[in-house]
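Given below, in the form of structure tokens, are the structures.
Two complexes are shown next, each including subunit A; its partner changes from subunit B in the first to subunit C in the second.
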Partner chain A sequence: MNLSEGVQLVSFGILTFLMLGAALGVVLSPSVVYSAFLLGLTFSSMAGLYLLLNADFVAAAQILVYVGAVNVLILFGVMLVNKRQDYRKETGLLLRQLLTAVVCFGLFALLGAVTVITPWQIAEGVTRVDSSVIALAKHLFSDYLLPFEVASVLLLMAMIGAIVLARRDLLMEDPETGMPAETELALPERPRETVVSE
Partner chain B sequence: MEFSNVASQLNAWVIMPEGVVILTLLSVLLIDLIVGRTSVRWTPYVAIAGLTASLGALWLQWDPADPIAFLGGFSGDTLSTLFRGIIALSSIVTILMSITYVERTGTALGEFLIILLTATVGGMFLSGANELVMIFVALETLSISSYLLTGYMKRDPRSNEAALKYLLIGASSSAIWLYGASLLYGLSGGETRLTAIAANLAENADVPPLGLIVALVFVVAGIAFKISAVPFHQWTPDVYEGSPTPVVAFLSVGSKAAGFALAVRLLAAAFPLVSEQWHFVFTALAILSMVLGNVVALAQTSMKRMLAYSSIGQAGFVLIGLLSNSVDGYASMLFYLLIYLFMNLGGFTCVILFSLRTGTDEISEYSGLYQKDPLLTLAFSICLLSLGGIPPLAGFFGKIYLFWVGWQAGLYPLVLVGLITSVISIYYYIRVVKMMVVKEPQEMSVAIKNYPKIQWTLPGMRPLQVGLVLTMVATTLSGILANPLFTLANNAVVKTEMLQATLKSPEATETARAIAPPVATTPPDPQG
Partner chain C sequence: MSPGIDLQGSFIQLLTSLGLPPQLAKVVWIPLPLLLMLIAATVGVLVVVWLERKISAAAQQRVGPEYAGPLGTLQPVADGLKLLFKEDIIPAQADPWLFSIGPALVVVPVFLSYLIIPFGQNLNITDLGLGVFLWIALSSVAPVGLLMSGYSSNNKYSLLGGLRAAAQSISYEIPLALAVLAIVMMSNSLSTVDIVGQQSGYGILGWNIWRQPVGFLIFWVAALAECERLPFDLPEAEEELVAGYQTEYGGMRFALFYLGSYVNLILSALLVAVLYLGGWELPISVDWITSLLGLDPATPWLQVITASLGITMVVLKAYLLVFLAVLLRWTVPRVRIDQLLDLGWKFLLPVALVNLLLTAALKITFPAFFGG
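After this line comes the complex of A and B, so read on.
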């Protein structure tokens, strides 16, 4: 084992420890704010793992998108909701947690087994990638051109949709009579009086 | 690599129909921006004209010489052309029925049209997508627009609840699908094109690896969510009840057709190695959908909820065609989807008309409708009887074809369950018809007693009338004159290379080896 392999191994160990610890903290921490910050740490360690895999662009995108945007958005959400609430003690909580743990562990065991058993087709030797950005760009403008373009339509529509949902609607008037419309932004069907169980 | 060389390699004219819809979408957006609110009187017709032009473009492109476009990213073969046609057509009828509905609720029609058109584009791209990345982007375009449409009545708590439920379940199913797709990518040694994945897997493994089965299960979870097959159906009744009714109509036909297109392409092209396993999984899904959908529909009191459960049951019937694994099987599936488009959209047009006039969608409120509105009663009865499969109507021929094909393929338990559950379904469809027609005048419901005078000349009623008559005539005629539709569906399957490769030999593994990696679709060397 030469020096670079040793460094890689040590950094892999540190990153994994950070990521698993932070992820456990996200789930177990009683405070939402701590969870959100620990989530940021999880994302950052993930970016470190990408760097170890020679994926520099993905690592940068991970930091920008997940830590910079998604995590900040979550923190904003926490801040804006700003509701101090003690969690009510649920009955049978232990049983539920136990069941969840069994299901999660089963899923983990299955996926882990798949990863270990499968004969992955891994390229021999070390592939040297000078700059992953150039390789990605070539793909984006050749065989992945269509998804790249369709994503722009998706983003346009998502923007319009977000504006529609977030804007404050003025009371709209009927163009014919000038009277306010009968129902405002609600389904024309009346809600059911009694909820019928099925 | 020179530019002209790239342009000819991309074969970009194959996505012309989608291009037309995107242009329509942009022009609706710009017209709405520049002209202002008054433009809503004619922008719906711009959208309809654009979609019709797109249908025309699809017609011109029937069976192209070289269907593969964008270096293997998109396939314009006849199968995808027919599916794209179904989605565009369902969008046209949905726009016809949504004009008055959306205006009555006071929400903006321009944005509604834009989001609906984007959903259509997503569905059309999904029907032809031939590569994992493209499938995912198209799937998300369709899904995210559907979430937005579901929550469009934003002051209504039912609409909010529906949108949130749909978003959460949809996002998790997308995530699971993506996990499955990433496993496929890894197992095939870094391929994203479906044919290349199948070829690579067949080359490198004599027995299907465990990872492939896990990938299959995860991918099926994503597909089953879109077609709302039974264990993945929980969102359907609540979303159908809380969404604006035109959106429900689109979800039950357009979105579902896109889901079936994805199922056919993904399963036939990428999973021939585990053909036995996916047939097993889908048989279970089909039986559960038919039984649960049709049995629970019996107990519903709200028309939209009943149609939701009926659409779950109908998805189960269509799956019989998918499972038959023959030319006739796929053709029967397409044939049924074509007929289902008219009869289900017709049914929803009637529900919309009724709820606009009376403000309710309770089944009990329909009693005695015949006395006040014979046309609506006639159209609704025809659509419901056709959905139930009563002989001279279209639904009967569709169902007979599906069951016959299933019987030929030896799927006896599936066909028997289908027959029994379709008898059950006739009960709840006929119950509504009976309520509308047979009731004496004194048994009329309150809503019918206060039924407004029928005036088709009121603004916004014409498109509803056109949609109503159009779907009614199509449902009636396509039963008696089923042959053109039947030929169309059959041609679409016969002329599709991808399916032919899968259907040639019944032995699954042999089939996978027979698919050589197509030369024309090899991507250019990224280094070159």
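After this line comes the complex of A and C, so read on.
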């Protein structure tokens, strides 16, 4: 075993440990903020695994999209939601958790079985590509064109949906009076404090 | 274009000739440029802090630091030492883990981004094929650190400042990336070395700023916003938010934020120099001068001169831009948060998109000028 293989093996071990530990933390942590930050760690270690597989562009895209955008938006969501709800004791928590655990283990077993059953042969004659960006782009705009376009349509739909939700003034006229019914889509937020003038 | 000097090649050759196996020689080489870049970035920060103090003093008709060293040049060192020796405080109600990790998460990506800054054909840490995309990806990590430090301080000013900083960082990343994309489209490569190579050969006339004037402005405005420099320093707006997410920080942890913001400023200036101002190219092409003088570009002494001139040019261009940023800071008033977000989303983003489309159209129409 030469030096670079050793480095790869050690980094693979560290990354796997980080990813699994952080993922468990996301699920098991009682604090939602910790979960959100640990999710970022999971995404980052996944990017490291991509890097070990020589997929440098995918790794950078993973950081940009998942850590830089998705995770930050989740954090925004956690920190901006202005919901004041009194803590109340949930009933039947143990049963719920047990059910969740059963479903999760079932899913894990299914995916594990798929991993074991699938023959993971590396195709012969795969040439090493110099620039993964160019190779990816060629695939995206030839044989994967349809999924690429469908994904962009999906994103467009999500964007329009987000705009419609954000512009609450355009929505829901009361059919009888013709006046906008403001309470229809109001989020369960604490009412804003009105500014008291001195 | 001459390949220039290859320090890595000659260093490894030297070590192997001394009897080391080539692999080990490479391992010995790897930390050297990294260490050099770290030191260069830190010294660069000291220079910028001194410049900031002196230029702000000049803008306000003061003298500025004077007694620490000649012309006050040792003042930033004194600042740094003071921060280093201050007591390390974690507020009682703060979250100690997140409070400590936050500043590191802001600083580390900035230093990592120096990987892609070239000072010459072979004078860089590594010529990544990923190039500027790596920088864009890394700079998107910083908001996580800002949110983390804002949240963990357990202080409403910190939380608001952190949220503002993250919102600002996210909204200006998109015009920034679109401006870079136009450059990448013209250069047919993400690699910073290739981007400079594409601007070379015609001296000052070949620089991207002439082909991408709008992109240059978008990039500069967005970069200033990413660095949280005035007129966009809302996250730490002293009069409104106390000091934003930095409110509860002191000592070494505050020094990390401080260092990070200045390192980021230099990084942005260096990237503007590389992407738009021809990187290590001189205003008059070196190849042209050597051919005029009848010299062989492969002559060793000439290569050394060219390389040092190249480094000087990169640093000079970057510091001119830093000077501009400092002047802007002390002469332009701060924008409001709604103005800031309006500018980012309703002005810069559409303009950047149009710029990208225009570049694509021009590239197809005039492939000779726009890197077909």
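Descriptive notes on the structure:
The working rule: the second predicted complex is superposed on the first by the 138 of 198 C-alpha atoms of A that agree within 3 Å, B and C clash if a C-alpha of one lies under 4 Å from a C-alpha of the other, contacts with A are read in each partner's own complex, and residues count from 1 in each chain.
Basically, a residue touches a chain if its C-beta (ideal position, glycine included) is under 8 Å from a C-beta of that chain, and two chains touch if they have at least 3 such contacts.
Quantities reported herein were computed from a predicted structural model and do not represent experimental measurements.
Shared-chain residue A:Leu110: touches subunit B; no touch with subunit C. In the superposed model, more residues of subunit A are touched by B than by the other of subunit B and subunit C. Touch criterion met: A:Ala158 reaches subunit B, while subunit C stays clear of it. Taken together, the two structures place no residue of subunit A in contact with subunit B in one case and with subunit C in the other. Residues 2-4, 33, 37, 40, 44, 56-57, 60-61, 63-64, 67-69, 71-72, 75-76, 79-80, 130-133 of subunit A touch subunit C in their complex. Residues of subunit C touching subunit A in their complex: 23-24, 27, 98, 128-130, 133-134, 136-138, 140-141, 143-144, 147-148, 151, 159, 163, 166-167, 170, 173, 190.
Those residues of subunit B that touch subunit A in the complex are listed here as 6, 10, 15, 22, 25, 29, 37-38, 69-74, 101, 103-108, 111, 114-115, 118, 121-122, 125, 131, 133-134, 136-138, 140-141, 144-145, 148, 151-156, 158-159, 183, 186-190, 204-205, 209-211, 214, 242, 244-245, 296, 299-302, 304, 355-356, 359-362, 459, 523-524, 526-527.
Within the complex formed with subunit B, the subunit A residues making contact are 110-111, 113-115, 117-121, 135, 138-139, 142-147, 150-151, 153-154, 156-158, 160-161, 164-165, 169, 172, 175-176, 181-192, 196, 198.
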